[in-house]
Every structure is written in C-alpha cells, then in structure tokens.
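Both complexes below contain chain A, partnered by chain B and then by chain C.
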Partner chain A sequence: MFLSRIVLRDLDSIDSPTSMASSKKMVTRDVWERKLRDVKIRKEDMNRLVMNFLVTEGYVDAADKFRVESGTQPDIDLATITDRMEVKRAVQSGNVQEAIEKINDLNPTILDTNPQLYFHLQQQKLIELIRAGKINEALEFAQEELAPRGEENQAFLEEIEKTVALLVFEDVKNCPYGELLDVSQRLKTASEVNAAILTSQSHEKDPKLPSLLKMLIWTQNQLDEKAAYPRINNFSTAALEDPSI
Partner chain B sequence: MPATASGGARPEKAMPAPSASTSCMGTRPEELTARLASAGAGGGEVERERVRALREIKNQIIGNRTKKLLYLRLGAVPAVVAALAEPGASTAALVQAAAAAGSFACGVDDGARAVLDAGAAGHLTRLLAHPDEKDRQIKTKLILVLLELMEEPGHVGDEAPLALTTLIKDSLELQKQALTTNAVEKLSNHLLANSLETRRAVTILFALSELCSKLEESRSQLMSVQVSTLILDALKHDCEDIRVAACSCLKNISRSPKVAALGVICNIAVNLTPRKSVLLHSGVVSQLVHLSKSMDPTLRLKSVWALRNIMFLSSPKDKDFIMKELTLSTLSSLICDSEHFVQEQTLALVHNLVDGYLDSTNYVIGEDGMVIDAISRQLNNASAPGVCIQGMFVLANIAAGNELNKEAVINVLVPRLKPSFVVKFLQSKDKQLRVATLWCILNLIYPKCESASSRVVRLQSAGVILQVRNMINDPCLDCKVLRVRMVLEHCLDNSDDCFM
Partner chain C sequence: MVANQEQEVDTASPAATAVDPMRLASRWRSPEEWNEVAKELEAEPAPSELNTVNSSGLFAVVSTDKMSVRYLGTNHHGHDVGVVQADRPAPTHRAVYYFEMRVKNAGEKGQTSIGFTCEGFKMRRQPGWESNSCGYHGDDGYLYRGHGKGESFGPKFTSGDIIGAGINYVSQEFFFTKNGSPVGGFPKDIKGPLYPTIAVHSQDEEVTVNFGKEQFCFDIEDYILKEKMRQQSASDKLYLQPDISHWVVRSYLLHYGYQDTLNSFDMASETDPPANHQNGFGEPPEMYGISHRKILRQLIMSGDIDSTFKRLGEWYPQVIKDEKSVICFLLHSQRFIEYIRAEECEDAVKYARANLASFLTHKAFDGAHGNFWPFRFSMPFEIVALLAYDKPAETCIGYLLDSPQREFVADAVNATVLSTNPNMKDPESCLYSCLEKLLRQLTVCSFERRAFNNDQGDTFLLHKEMQKCERSRRS
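Up next, the complex of A and B:
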C-alpha cells in the first residue's frame, strides 16, 4: 500500500499532459518487488497493530502470550477484557439474558444509555426463542418486551415487524428475513455489545488493522486507473498477482 | 394462528415473563415488589433472596422505560431506595440497590423524582462516606449516574450537578473518585456545548468549583483554553447567579499553590482588560499577594507576574484596590527580593502602576519615598540588566510627571553623596538600558524651564551630558533619535555648545 502510493507519485510526474488517461503505465513484478523491499516498516509498529487487534477483539490469552513474547504493552488492562469476552461469548452462544445480566453487572449505565443496543439484544432474544421453537414464549415476549420498544421509539418498528414476521412462516429458515436466524446475526449483535463496552471504558471500539486493509483496497483501486501492476486480490494470502495487459 | 403454534385454547391468566434464567421466586414485577417491601436485611439465605430480588428488578428495568414506569406505579421505588439505608445490608445488596435506584432515575423524570423523594440523596451521601473498598465501586457508579442524569432535560438534569456537589463536598476521597470518571471533562463539555443562560450552567459551575477545590489535577483539567474563556464570559454575565458561580470556580482554582495554576491566572489577566473589575473582586488579588510572600521564589515570581498583568491598563480605582491589598512595604521588599527575576517582575509591575495616570506616581514617591528608595538601591547595586532596565522605565515614567516627580528622579540619578550610575548605564552593551536611560534624561530636561536648566547642570557635572554627546555614533536607532531630541531641546537658545 505504501508502495502503490509511491508509484502514483512517480506516475504523476512522468505523465505529460498530452498523454491521455487511457494509457496505463506498466510495472513489472521485478520493479514492484524491488520497490517493496525498499519500504521500511518498524517491527514495533507491526507489533502494536497486532496487539491492538488482539485486545480489541478480546483474545486475552493470545494478547498475554504476545505481550510476553514481543514485549509489546497492551493498550487496555487485560483483566477488563475477560468480563467483556464473557458477555460477547454469551451473545454468540445465544444466551442473551445471561449477556444482559453480565453487562449490567459490568456497568449498569451501558444499556440505559444505548437504546439501540438494548433493542438489538431483545430482538436477538426473540430470535433465539423462535429458533428453539418456543413459539408461545416468543409471542409473549414479542408482546411484552418488543412491542414496548416500538412504542418508545418508532425507529425500531421496521425491525420488529421483520422479526415478528418470522413467527408467521412454517419453514422459518427459508422465509424472507430468514437471515435473522443466521449465526451472522448473533455475531453482529455480539460485535455491537463489544463496541459499547469498549466505548464505556473510553477505548476505541474498532481495531486498526481493518482500517489499514481498507486503505490498501482503496489505494489499489486508485492505482488501477493509472497503471497495470502486481495486485493483491486475495487478502488472506496477500499474494501478488502479475498484471494482465 | 400459524400452524406451528400449539393449538387449542391458552389460559387467559398471566404467564411468567419469558426468561432464560427464571428463578424459582418468580419474576413478575408485582411479586418482586411485594417481596422487597417486606424483606429487611438478614443473614444467609434471607439476604441472598433480597439480593436476588434487587438484582432481578435492576435487570428488568435497565434500558426498559416501560418496565421502569410499571415498577414506579407499583410503588417499588421506596423499597429499593430503602434498601440503600438498610442497617446490616450486605455489600451485594447495596450495589444492586444503588444500580437499580440509578436506573430508575435515568431517562424517566418521574423516576428521578421518586428516587429523590424517597430520600436517596441522604442515603447515597452516607454510603459515599463509607471507607469500604467495595463501596468505592458504588461511589464511582453513583457519580457516573449523576453525570448521566445531567444530560436529562428538565428539572432532573438541572439539579443533578448540585447533587454531585453535595456528594463530593469537602471530600478529597470522592474528588479522586470523580477524577477517574472524567467528571471534570464531562461537566466542562456540557457547559461548552450549551448556553450559559440556564440554571443548569449555574449548577454545573458550582459542581466544577467543588470538584476542583482540593485536587490539582482537576484544576488543570478545568483550565483548558476553552473552559477558562467560558468562565471569563460567565464572570461578566448579566445574571448574578452565573457570575457568582463563576467566581466560585475561579476562587477554587486560585487556591492552588502550584505554579501551573498561577501561570494560567497570569495569562487570563493578560487578556482581561474589559473584565478586570470582576476578576479583581473574586479574591484572586489577595491570593496572589499572599503567594508573593511565599518561601518558594518561583511562586513569588509567578504571582508578581500575574499582578503585573492585572495592573496593566487598570483604572485608577482598580490600581488603588490592588495597592491596598499589596501595600507599599510589600512592594518595596519585592523590589529588593533575593532573586533578580522577582525584582525585575516587581519593577515591571511598578512600571504598569505608574503608567498613564499622574496620581499613581504618588505610590512610588509618597510614603517617605519607600518605593523609590528601594528602586534607587537596586539601581546602585549593580543589579542584573533586566532589573536596571525596568527600573529606568519606571523612573522615566515618573520623570514625565510634575516638578515634584522630576526632582525625586534627578535625586536618584544624581545623588548628592554618591557617584552616579547613569554614565555606566549609558555605556551599557544592552541597548534597552541605554534607551531607557536616555528617555529618563530627556524627561528630566523637558520642558524647558528654570528647574529643568538646573537639572541639566547637575547632569553635566556628573558627566552625563558629555556621555550623551559621545553617543553620536550609537548603533541603536532609538538612541540616535532620543539624542537628537535632546539636541533640539537645548540647542535652540542655548549658547552652550555642550551638545554639538
């Protein structure tokens, strides 16, 4: 990503005004790799990025081991991570009530001051009841807990309708809004909980690595307009793929 | 009904609220409320049950406005608040009760009122005095709750900061707790984001004042540029309540002996010209005067510096006020302070004192000339250049006054029984000193009159006139200009070619 920035600069100075945008500069792999080698990155910076990721996502043991091996200091007290992770784990396993009780033990003001989060947790609770086939309970719950949320805040009505609609269908998994029953929905709620707890502890809720990846993708997209170069298409392998002409 | 629902009639009576962790005691609000109202603190299982009930209520109401209103109607609040005062209550019960009470007050006006009506403030205050480590959690949570309450519209939000003030009053321990919750920052931010014209602004200012009464760290947090500007605005506000509250803030800040706070007051004073009168009567001046007598030379320096800035462009009435607090004898001692940087600042203060108003020179030459004697002493003692420069500026300003003033100054420059330091100053490498001295001399020989001529004679006999003549090639432009003025003053009808 740093390299593609450098190339963009080079291109700007080389291209004469008369050559139109349709001509793309070609960068061979040799040249690209050489330029890559010239870019210096500090190990400490890398370590801090990794630590920041582990700590924000809540991998306590990994963070601790990493701290011992690399000497990098975590930017949160690792002890506070355990509580947060228990809440996250509860949501991810579908034990929403447990999660709510744990959050309230951790900090009773979080749910009182995050109506959207509270609503999503209750929505998740309803989803879990539907998933478990406990339709009676689900109906009661929808009436007693979800409907009031809609009364308190109209913005939630659409989501409530979607969720309650699940009760109407026999084959819940394949109905419209069936994606609410996916594990991904649990993960979404868990992530929201994680962010709220981090914010209440005055910590940034997002790790920095994803932002860096976004920058990389953006930079490549920009460079695509001006050059053909070895591109990273697979972000898990980060392999350079030769430019096609 | 969908086919997946269990068919047949369902009983009409109420069913337990669905909960993954339904406890055997039941979770209906009516039941819980009744249970809590009848239970007192006990031992073992009884207490555990009480804790469970409180916790269940807490978990039902947090985030849930509808449930809060329901419990309110059921009259649960008095029982919850009473749990805070239950003698022999376990820490667990207190924690749950506090969290529940806090939640009732959050986001629901009636809830907040009910909590306060039930006497929560008193119980909370007592709890906060509790030295128990575990109770520190409660204290911090309570402070957090009050800070949240401050965001609520209406009466609740207006009074929350006052409740906070009461809670932390005179308690270093609690102010430390408040630090950990970023209370100063939150209160300041709210103040900055909203109009000063409100009751809430007044209560917040008082809360800030109390928060900063004992802790240096809180005070430095308060003195950010934006907040200090805001407090200054509050000092001149039309509404008296706001002015009073702002003064209270300022008074607590200026209580600090630390150098940093002084530096800030100093800087405030520089920017203050239209609002000075308000600052003056906030008690800052007497604090600064007190600090100017400190054992610590840095404190003396900074306090004198602040006074210097306050003195700048002050009205005669304000100068009078300051000098009454400072006193001439203190001023004289400061001029002869052991540290030259204090001497210099003091003389700069005197410079600002005599600047602009004729009567102010009385401070310097009045009272048997206490102050001017001190200045003379310093000028004669081969003091640091900065001191001499400031001293000469003072004398130059005085020499711009009436005959009495000029005579007083010439007696310093050319004393009857001592050699004069003037020539030495005119030969100084420091151009500022040369300029200041030339100014002084010019003021002594202008305007032309008999007394002026006799002063010229005195200067001449001290070799001053000769020295000025020799400064024809002085590299400093200001010196050249002053010298030319003196030539013009005296060349016209003076047959003496002493200047040519």
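Up next, the complex of A and C:
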C-alpha cells in the first residue's frame, strides 16, 4: 500500500517537465529527499544484514553480543564460527597441517570434495617448509605428496613447479615466484578455506553487505545515464551531493 | 543547538521538530504486515486465463476453463487463424515473465504457434505476422517478428510438445523454449503492453496454456537466478573502498548504541588483519552518549519504562521536559502497553487516564495530521483500543505487544538523545545510520532506474533481499 505509492510518485517526477537543456532529467534535492524519506526499511532487516556480516566475517564474539543487544538470531550456529576461525587462523599463521586436521574434524567431506582446495593447502604446506628452511623435508614432501597430484592435473603441475623453484634461489627475493612466500598467499589460502567451510555449512561464502554496496555503485552509475540526481559518493558519510548541472 | 531548537518549536506539530522520531514509525508493523507490503508491491496483475471476449470466435473455440483452445472447421487462407490472447498483458515489475503451452493435438497441418502480441492485435493472424508481435511457429520452427516472412529459428514442434515464451526485462530480450530447453532469444524491440498469445490454424489443432498455475516444464527459477547472477557479476567487478563494509557496520553499532557488540567488534578488528579502518573515511561516527543510549535501549527492550523515564530525567532532562512531546507520548504509550502485556488491566486504565487521555484530544495526534502515520486510526486511539480485547495479542493491533514495538520506541529515544548533541550538524543523522542512508539511496535509485526503463524490471527492497537469503538457506 505505501510502497506502491512510491512507485507512482516516482513516475510523476519523471514525467514532469524539466528545465534542463540536456537530455538528462533533473531530480532536485527536495524531490529526492522526499523519495528517500518515503522508503520503508525494517529495522529487523538491517539488523539481520549486520548479523550476516558479523557471522560471515567470523566476528564470533561480536555476533554473540549483537544477538543479545539487538535480539537478532544469527543465521548459523555460532559455535561453528569459532571452529572456522581457528582453521583460518592456523592457515594465516602457517600451521597448515593443523588446519587440515581441524577441517577434517569439522567435516571430512570438505577436502574430499574440493581437490583444488586440498591441493592449495598442500602447496601452502610446502611453501611453509621452504620458508622455514627445511630443505630436505620440503623435497621429500614435494616428491611424495605433491608430485603425484601434478600428474593428475596440469594446472596443479604448474603450481608445483613454481613452488619448487623457490628452492633453487638462495635469496628468494630474486626468485620470480617470490610472492608465494608473501603473507598475501597465506591470506588467499585462508580465505579459500573459509569459503569452503561456509559453503559446506550451506551458508553464503560472502557477506551480503559488500555486494549491496557494490549494487549501489552500479545502480547509481546506471541511473547517471538517464538523470542528474543527488548522488552518494562517499559511503563513509553517506552524504548526498548535489547533482552537477 | 538542535536540542534548544527542539524545545522552542511549537510542539503542537510533531512533524515540525528538527528530529521527528515518528518518522521511524514506518517500522511499527508486524512481520506479517511487512510481508504483505512486499507482496503487494509484487502483486502486479498477471495473466491467469485466456481472453474469451477478444478472440477470433469464428475459427477457434476456447474451453470452458479458459485454458485451452481448439480449431473449428478447416482452414482456407491466412486470415482464418484462431488467435487467443491472455486476459492481461505480461507484468513488467520483475526480471522475467514466462508462460508455456502444450500442444495437445497438432491437427492437420501442425500450425500451432506461441508468442506475444500488442493490444489491438488483428485476431485473425498468427502472432508474428503483424507488426508489434512475435511468434514461434510449430509447422516450420521459424521465428516471425512483425511480418509474414519468418526466419530460421529452432526445431519444429508437434503433438505432445511443451513450448514456452518469455520476456527477459533485464537483457531486453524475448526467448522461447521447447520441452524445457531454451531454443533461442532475440532483442525485444516492441514497446507497450504485450499479451501472451497462442494460435491454432488447421483442423483439430488444440493447445493448452499454463500461466504458472502448474509447474513449468522449463526451469524458470534457475533461468532467473542465472540472469541475476550475470547482473551481479557485473557489479561485483566494481571497485569498493577496502574495509568500507567494516566501517559501515561499525557506525551502525555506534548509531544505535550497541556498545557491547561494538567493543567486541573493535577488539577482534585489532587482532585480525582486514581492519585498518581508520584512514580515508570521514570523521568517526558519533560516540555521543553511547553508554547512556545503551542502557536506555536495554531498559526499553526489557519493558522497564519507569526506569527509562527516571534515567532520561537524570541524563537528558530536555528530552522529556515537554510533557506533550512525541517522545513522551511514545514512552507513556509503551508504559501502558507494558501493563497490557502483563495483563494488569486495572493499572493500565489508571495509567491511561493519568497520562494518555490528554493525547487523545490533542490536535497534533489526530491521525490526519502526520505524513508518516501508518495507522488506520489515530495512534492514541489504536493503543487505547488494546483495552477492548480479551486477548489483544491475537487481534489486528496485536503487533503493539511485540518486541519490534519496543524497538521502535527504543530507536525513537535513541534518535532524540542523539539530537541533543551540540555537535550534531545533520538532523538526518540522528534518525538514520550510515547503513540506512545507503540502503535508502539504493532503493530509490533502483526504483528510479526502473521508471526510466519503461517501468520494466526488478527493484531492490531490503526486506525481499533478506527473505531470499533465508529461503535459499532453508532449501
């Protein structure tokens, strides 16, 4: 009843004549602000959006506090976040073996059904061995565990070759694949693990909020082609900026 | 400054104050009502049956259930087609419209067809043969769009086949399907309302339509999902300031005074990598009175309105100084509601006489006044009406007894307290968090965009989005 009224009013404003010489329709700040006021947004839905962010990003304590403070039920068992974050942290700090064991404790089918993820974890393990200077152990691991996997998959083989190349360089900074030793590689593997666990819990692997913010950028860009209207350019203040004429 | 203004203005007019907490009242609805609102927005009339009035009755007969059409007699030329349109044009407020037909009998020549036609279409011609129409024909598998000469398109179809026709409003294309598989699509170059249309054109030909009452042969849900994902992948490629989501969530917690959550959030952010959130963004959001606001929210959410009044009197006396202000009305109403919740009706009556009666006669609260009044009657009357029922929770105003009602009052108090901050420059920021402002902007932009797109396509509604989330998890 109220929402449908918004639609009609929107149409009115577009049909109304504008003073612009350009082909773009002009929507003044007054008109726009009235439209903004008329939008109906439910507090509970905003709370759920925030809860979804806390849960997906793994803010387990904050999610628990938010449950109490806002009365919003998390869309997943909070205990599973703790487990997931432990696995993530293990990868981030280089304890790959520990991470693999924890994943299997959590749900053994995750690695079975994700050969790529399992390979990336093993690759990360090799990287960590090389980083620690355990050359013999690294070689042994590469030959026994990784090489057979390269035979089954060409992409894996290339990755193995790049990683093993790290061994050849005494000063890895000069190695063309030195970025494998970077923290960002750990973070990449960790977020892959995070996504796989969320998916196994039939939860979206990404929080909803960033994609809505991107949708706002996209929709504003699309609307720019048709109209000049007050935009929000700075998302951190969410301040309306007057349309440029 | 804002606080002073608030005391000076004529309080007979609640909408005139700098910060009108009643603007939050649109949230004052039960979840059921919200679902209704969302549904109503979707509820664009859609085709449900065949139009028996505007059909070429000479050559075809529509079944009594208005779902089938059969050719009468024998055909002799191109102007004795039995064409039938749906009772309504295809709805446009969605990403995709789709319907199907089953060829019950391909008859003598198998000249059944399916497509879309405009209003005022010549009812003796095949869809596609005339301008402003398109059609997929069974006898040659050709696509016709706007004239008598067809183009090679897909397979022929005959008895037993299920043929679908759709409009993709996102990509602005028509598309057809056969027995659950896509046949092909092509640009939609026809404007104006389009009617789902079927035709029969030789002896014994008979087709049955399905406007969605039965399950479609083609997996339309999957098609829509893929279409939306394509759109989303376009927007996912856009650049977003790193950590802006983190910032938006943090300012939300600050705005509403969710202080415990905020502290945990900040603590976790210090130890986890993706949280270098201080640089590049505007001023940090308002810490103003956060501990007080937290306690006030807790009190209201637990139903302890007496203590709320007491605390407000200590911390922000200006907020409740004016006995006739909106915020006082909301708090008194809530106190009354809490008596009803506790089934203490006698106390409720006593309290209403002492504290609510004056609002019932107060001009400012007589329903017709405010722009933001989502109520059938004026609000004071609606609240007092709780007394009339033996089991008020089961009535149409039962939502007043639910916790969203407490939350509304808590949010209103929060907004009013924020407005007492001498450094608050923008009164809008007392009412709306950064997150809410962004969501409002997104909603308006998406509706505007649809209006420019000949009123075609889907729009953003947070409620719909969150419901979808829940549904996908349940399935």
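Criterion: the second predicted complex is superposed on the first by the 170 of 245 C-alpha atoms of A that agree within 3 Å, B and C clash if a C-alpha of one lies under 4 Å from a C-alpha of the other, contacts with A are read in each partner's own complex, and residues count from 1 in each chain.
Keep this in mind: contacts are C-beta pairs under 8 Å (C-beta built on N, C-alpha and C of every residue); 3 or more make two chains touch, one makes a residue touch a chain.
Since this is a predicted model, take the numbers as computed values, not measurements.
Asks: Examine A:45 and indicate which partner it touches, taking first as chain B and second as chain C; both and neither are also allowed.
Replies: Second partner only.
Asks: Which of the two partners, first being chain B and second being chain C, lies in contact with A:26: first, second, both, or neither?
Replies: Touch partners of A:26: none, neither chain B nor chain C.
Asks: Taking the superposition as given, does A:152 touch the first partner, chain B, the second, chain C, both, or neither?
Replies: Only chain B is touched by A:152; chain C is not.
Asks: Per the contact definition in the header, classify A:100: touching chain B only (first), chain C only (second), both, or neither.
Replies: first
Asks: Using the superposition on chain A described above, determine whether A:202 touches chain B (first), chain C (second), both, or neither.
Replies: In the superposition, A:202 touches chain B and chain C alike.
Asks: For A:132, decide between first (touching chain B), second (touching chain C), both and neither.
Replies: A:132 contacts neither chain B nor chain C.
Asks: Comparing chain B against chain C, which has contacts with more of the residues in chain A?
Replies: C
Asks: Is A:217 touching the first partner chain B, the second partner chain C, both, or neither of them?
Replies: Second partner only.
Asks: Would you check which partner chain A:109 touches, where first means chain B only, second means chain C only, and both and neither mean what they say?
Replies: In the superposed model, A:109 contacts chain B only, not chain C.
Asks: Does any part of chain A touch chain B in one structure and chain C in the other, and if so which residues?
Replies: Shared contact residues on chain A (touching chain B in one complex, chain C in the other): 202.
Asks: Going by the contact rule at the top, pick out the chain C residues touching chain A in the complex.
Replies: 23, 26-27, 29, 31, 34, 37-38, 40-41, 232, 234-236, 238, 240-241, 244-249, 251-253, 256, 258-265, 267-268, 272-273, 280-283, 294, 297-298, 301, 374, 403-404, 407-408, 411, 426, 433-449, 451-452, 455, 460-463, 465-466, 469-470, 472-473
Asks: Applying the document's contact rule, which stretches of chain B touch chain A when the two form their complex?
Replies: Residue list for chain B touching chain A: 2-6, 10, 15, 17-21, 55, 58-59, 62-66, 99, 102-103, 106-107, 141, 144-145, 148, 182.
Asks: Would you pull the chain A residues touching chain C in the complex into a rising list?
Replies: 1-4, 6-7, 10-11, 14, 25, 27, 32, 35-37, 39-46, 48-50, 52-54, 57-62, 64-66, 68-71, 75, 92, 187, 202-204, 207-220, 222-223, 226-227, 229, 232, 234-240
Asks: Quick check on the complex: what are the chain A residues that touch chain B?
Replies: 95-98, 100-101, 104, 108-109, 111-115, 118, 129, 133-141, 144-145, 148, 151-152, 167-170, 202
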